[in-house]
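Please find one structure pasted underneath; my questions will follow.
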Amino acid sequence: MKRLNFLLLLAALIVVSGCGKRETRVEVANREQILLYGNKAEPQDLDPHVVQGVGEHQIISTLLEGLVAEDPKTLDPVPGLAERWEISPDGKVYTFHIRANAKWSNGDPVTAEDFVKSYRRILTPSLGSLYSYMLHPMKNAKAFNEGKLTDAAQLGVRAIDARTLEITLECPTAYLLNSMASHYTWWAVHMPTVEKHGDPYRPGNKWTRPETYVGNGPFILTEWVPNSVIRVRRNTNYWDSANVRLNGVDFLPIESIDSEERSFRAGQLHRTEELPNAKIDAYRKDNPDLLRIDDYLGNYFYRINVTHPALKDKRVRHALSQALDRQAIVETVTRGGQKPAFAFTPPNTAGYTSRAQLKFDIEGAKKLLADAGYPEGKGLPPIEIHYNTSENHRAIAEAIQQMWKKNLGVDATLRNEEWKVYLDTQTATNYMVSRAGWIGDYPDANAFLETFLSYSGNNRTGWANPEFDRLLQEAGCVSDVKQRTELLQQAEALLLDEMPLLPIYFYTRVYLLNPAVKNWHANYQDHHPFKYVYLEAPAK
Amino acid sequence: MTQTPSMTDATIAANTAEPGASLWHDAWLRLRKNKLAVFGGGALIVITLFCLVGPWFSPYTYEQQDFAQYAKAPSAKHWFGTDKLGRDQMTRLMHGGRISLGVGICATLVSLTIGVLYGAMAGFFGGKTDAAMMRIVDILYALPFTVFVILLMVVFGQKIVLLFVAIGAVEWLTMARIVRGQVQSLRKQEFIEAALALGLSQRRIILRHMIPNVLGPVAVYTTLTIPAVMLLEAFLSFLGLGVQPPMSSWGTMIKDGAELMEEFPWLLMIPAAFFSLTLFSLNFLGDGLRDALDVRTSKD
Amino acid sequence: MFRFIAARLLQTIPVLFVVATMTFFMVRVMPGGPFDSERSVPPEIKRELDAYYGLDKPVFQQYLAYLGKLVRGDLGYSIKFANRSVNETIATTFPVSLQLGGMALGLALLLGITAGVMAALRPNSALDYAASGLSMMGICLPTFVLGPLLVFAFALKLQWVNASGWFDSTDIILPAITLGIVYAAYIARLTRGGMLEILSQDFIRTARAKGASEVRIIFRHALRGGLLPVISFLGPAAAGILTGSFVIEMIFQIPGLGRHFVTSVFNRDATMITGVAVFYAALIVFFNLLVDILQVWLNPKLKY
């Protein structure tokens, strides 16, 4: 009798353990059409007028939509909340017609007045919006935003009627529609809700909680546990809800990229934000269908302090650039499919590719250095490479240090600082050469070039060139596309000739994506509008 | 030992003891007999020598990169393999050992000196002095360490010495608490009451009677402090505040290895093995010291 | 005894005050501000933000304003996450850390004391070496190695639990083990040391001579004194373990309090840094009080 009991118990245990694996989260989510999205960092907030991060964009784009939306493949502007628009012949007045069926999640219709109020809000200085300068192409926006103008009625935006919005610009701005489509600063918030939960013109407004969030996008905010998960679910009041196939998205702010990769492998995520460098090769070899390497609209470069006595001579700067084997860096150091950068603006940015290109020419570099008075690097003080503490930046800096030594005889030292200290140092131009990166806010060469305007806070190199400023200012006001492109080309050529920066490579986004995710297209901005994405589990 | 003009009975008794029977000499004899402790001590010496002298014999430097040697497993050319930048791991291990052992020992010495004295005084005096001293320890313990380290790094630059200072400044707190606890219980024991009754100075009691009797737990805790220090240093490097590359320490090598343990396991296993061996040796030695110094566990 | 407790509680006030003050000024001295980022902040906007947070006032005035709020228990609003108050953040994250830390501590005490006692009973025997050896492993394997190893084994290979997150009831297991093992090792070593001290004393010899069983000796006589070093160590360690570990929370993506100790510093979120420091100080004082009471209870010779 005892023996039988024992055997039964054993059998039961075997059955239970061999019962088949538990279903992974991804498998459950595929069935329920919920996308599990690794989003790297906890968002600062979900108010589009207050934040400035990329992670925030992904979440906010589920909750809000702009007048203009992005085509998921090409990123071209397509109708969003506005079903059509007209542009005046001089390119300064845009008239948007809002859909009749566009509604907020609480049922209120989306009106032109919503946009008027929203633009006034983001431009109000006391709100402290760090990204409000995106709206500066609008008439009087810059003056209002800087506190020089206090009458909001003078802003170049008005509601002609409940569903017609007119925006007047300072100058014909070629990239306006791109900017409106890809950037949340141009999206409207539900002002009555904002007004109910705090001062709409000051930081700290509490309207973004799940219980109170009102949006007009394909999803609504249902749960927000800081550092754990943010859940959004179908918004039945969204005008295009019938065509939205996903039932929701779960954003998981996993900061450690190693942890994120493990979670992906454990079937907890459809998509990771990044992939640890060391694992790229392994995935390429063993699981290429999971690996995504998409070109990204960004440049990894070194700022050069042109006011430093050793770097004043432009020939020295060119020598340093020409002695850099960028191909070697992307192949052996970063290894993430990046492309070497011989210009500042990434190639094919909305059709624009820089004519001017730098080159890799060791002999030429040596000659330039000698001409500048430092034959074989003699007499040149060691170049200090400054960067913020990170394994990757260090590896690149060390590689460059070795290249300069081997190819030019120039010594270099490394100095790294913690992030905020590093920013301080860079802003105070207290460096010789400092690592930097720039991601384009919208697909246009201007997004990159304008950072080197002499009066731009993003310049930080001490380089000031009135001709460059003039070229960009002119390009900002010209409506003819060909003319504008020519001006931008000239500006970039000038920039690359004067060389206050050392472009190194163009970014790529390297991440993991579950094959069940469909309608996910690679593009320069890494924007994947969730209303088009859907999940289709592979057939067993 | 200076002769005090007024000889108390206790002093006379101490001076007429058998030759060579002082606490330390006895302890040394007992320690020598403990095989494990001897092994531990020996291993430590070997490791220290390896780290100190090894780099002179290595054909590589710790910072030499060679991309052709990207993450190679241990081979004849590189006995311990290479890392992602093609650097020889054995040389880096030796240099790293210098730093880790250095940080470990220095910080521990700092923590020992300050901690033991402070804790002994607090435990001995008791009352308001003890309360005030322990509240100061509480305050220092609660101050955000990361802020403190960042400030140090910023104000004085990123020097290794600062690491010793910062870590030592934190570790003595727990040592002080442990010593205080021990001293408090010792305080009430008869032999201390006797010493007080005899009129011995408080300084003498603390130094000659209290501290030797707390050496047991102190020795044990010291052997725990050294690895804690090494790991704290690794944690700081994890945050970007500790040892700066291209310099390495065992802590950073273990941290880096942990991230790559699936692809390149030797990058974790070898530094971890050295780290563990050092710790085991320290512990055997520490236990041996504890046993040797504890008069009562002697078998005679 | 009550007078003692009351006196200690009163002492808490100057401790918290000093911690708040020192942290406040240390943070103000750090370079870098909360709004610094790769994209430069337009000067007018920075002015507005500084004005809103009172950062443009003289430091001493800011300090007094901060103290004023502190006295009422208001730790202010986070600068980075502007619509979350520090009180709210602590109130939602501390319970998580408490759960995790509590389980880890329980595990550590169970494993550690058992191992330490067993080792002390038969010093220098195989049992001693085994127990000591295992506890040494706990110290040698830092959390950032042990955590990923456990995840690799149990979440990826065996697929018994999740690799990260704080959703299912099983999510607490791996992080608690990772956190607990390290402390178990410390406790084991300290217990062994303390027990050895006690077991060699005369009163134990007497008990043995009287024929008391081993178990009785341990529990009724030895443990009280033998655990003294462990208790002293545990005071502040408990505060640490219960406020969470930054590394564990990063590896397992746990929404606890531990991460805020570090991330707030890197964000230069002054209110969060000071708020969390003050809370931590209060916990430490509390646990030290608990430890001191325990010490008296364990060693009746210490009377207050």
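Letters A, B and C mark the chains as written, and numbering starts fresh at 1 in each.
The definition used in the following text is that a residue touches a chain if its C-beta (ideal position, glycine included) is under 8 Å from a C-beta of that chain, and two chains touch if they have at least 3 such contacts.
Remember, it's a predicted structure, so these values are computed and weren't measured experimentally.
Participant: Would you say A-B or A-C is joined by more C-beta pairs in contact?
Facilitator: Pair with the higher count of C-beta contacts: A-C.
Participant: Closest chain to the protein CA centroid?
Facilitator: C
Participant: Taking each chain's centre as its mean C-alpha position, how far apart are chain B and chain C in Å?
Facilitator: 21
Participant: Quick one: chain A and chain C, Cα centre-to-centre, how many Å?
Facilitator: About 38 Å separates the centre of chain A from that of chain C.
Participant: Per the centroid of Cα atoms for each chain, what is the distance between chain A and chain B, given in Å?
Facilitator: From the centre of chain A to the centre of chain B is 47 Å.
Participant: Could you pull out the residues of chain A that touch at least 2 other chains?
Facilitator: If we look for residues of chain A contacting two or more partner chains, we find 258, 418, 421.
Participant: Give the residues of chain C that touch two or more other chains, as numbers and ranges in rising order.
Facilitator: As it turns out, chain C has residues touching two or more other chains at 30-31, 148, 152, 266.
Participant: Hunt down the residues of chain B that sit against at least two other chains at once, touch-wise.
Facilitator: Correct list: 150, 154, 259, 262.
Participant: So in the complex, which bits of chain A are touching chain C?
Facilitator: The contact residues of chain A facing chain C are 21-22, 25, 44-45, 50, 52, 125-133, 145-147, 198, 202-206, 208, 225-229, 252-256, 258-260, 262-263, 265-266, 268, 418-421, 423-424, 427, 436-438, 456-458, 460.
Participant: Which of the residues in chain B come into contact with chain A in the complex?
Facilitator: 63, 65, 67, 70-71, 84-85, 150, 153-154, 240-241, 244-246, 256, 259-260, 262-264
Participant: Taking the complex as given, what residues does chain C use to touch chain B?
Facilitator: Counting only chain C, the residues touching chain B are 7-8, 11, 14-15, 18-19, 22-23, 26-27, 29-31, 123-124, 132-133, 136-137, 139-142, 144-145, 148-149, 152, 186, 189-190, 192-194, 196-197, 200-201, 225, 228-229, 231-233, 235-237, 247, 261-262, 265-266, 273, 276-278, 280-281, 284-285, 288, 295, 299, 301-302.
Participant: Help me check something: in the complex, which residues belonging to chain B touch chain C?
Facilitator: The contact residues of chain B facing chain C are 36, 131, 134-135, 138-139, 141-144, 146-148, 150-151, 154, 173-174, 177-178, 180-182, 184-185, 188, 216-217, 220-221, 223-224, 227-228, 231, 234-235, 238-239, 251, 254-255, 257-259, 261-262, 268, 272, 275-276, 279-280, 283, 287, 290-291, 294, 296-297.
Participant: Spell out the part of chain C that touches chain A in their complex, as residue ranges.
Facilitator: Touching chain A from chain C are residues 30-33, 35-45, 47-49, 52, 77, 80-84, 89, 92-93, 148, 151-152, 155-156, 159, 162-167, 249-255, 259, 266, 268.
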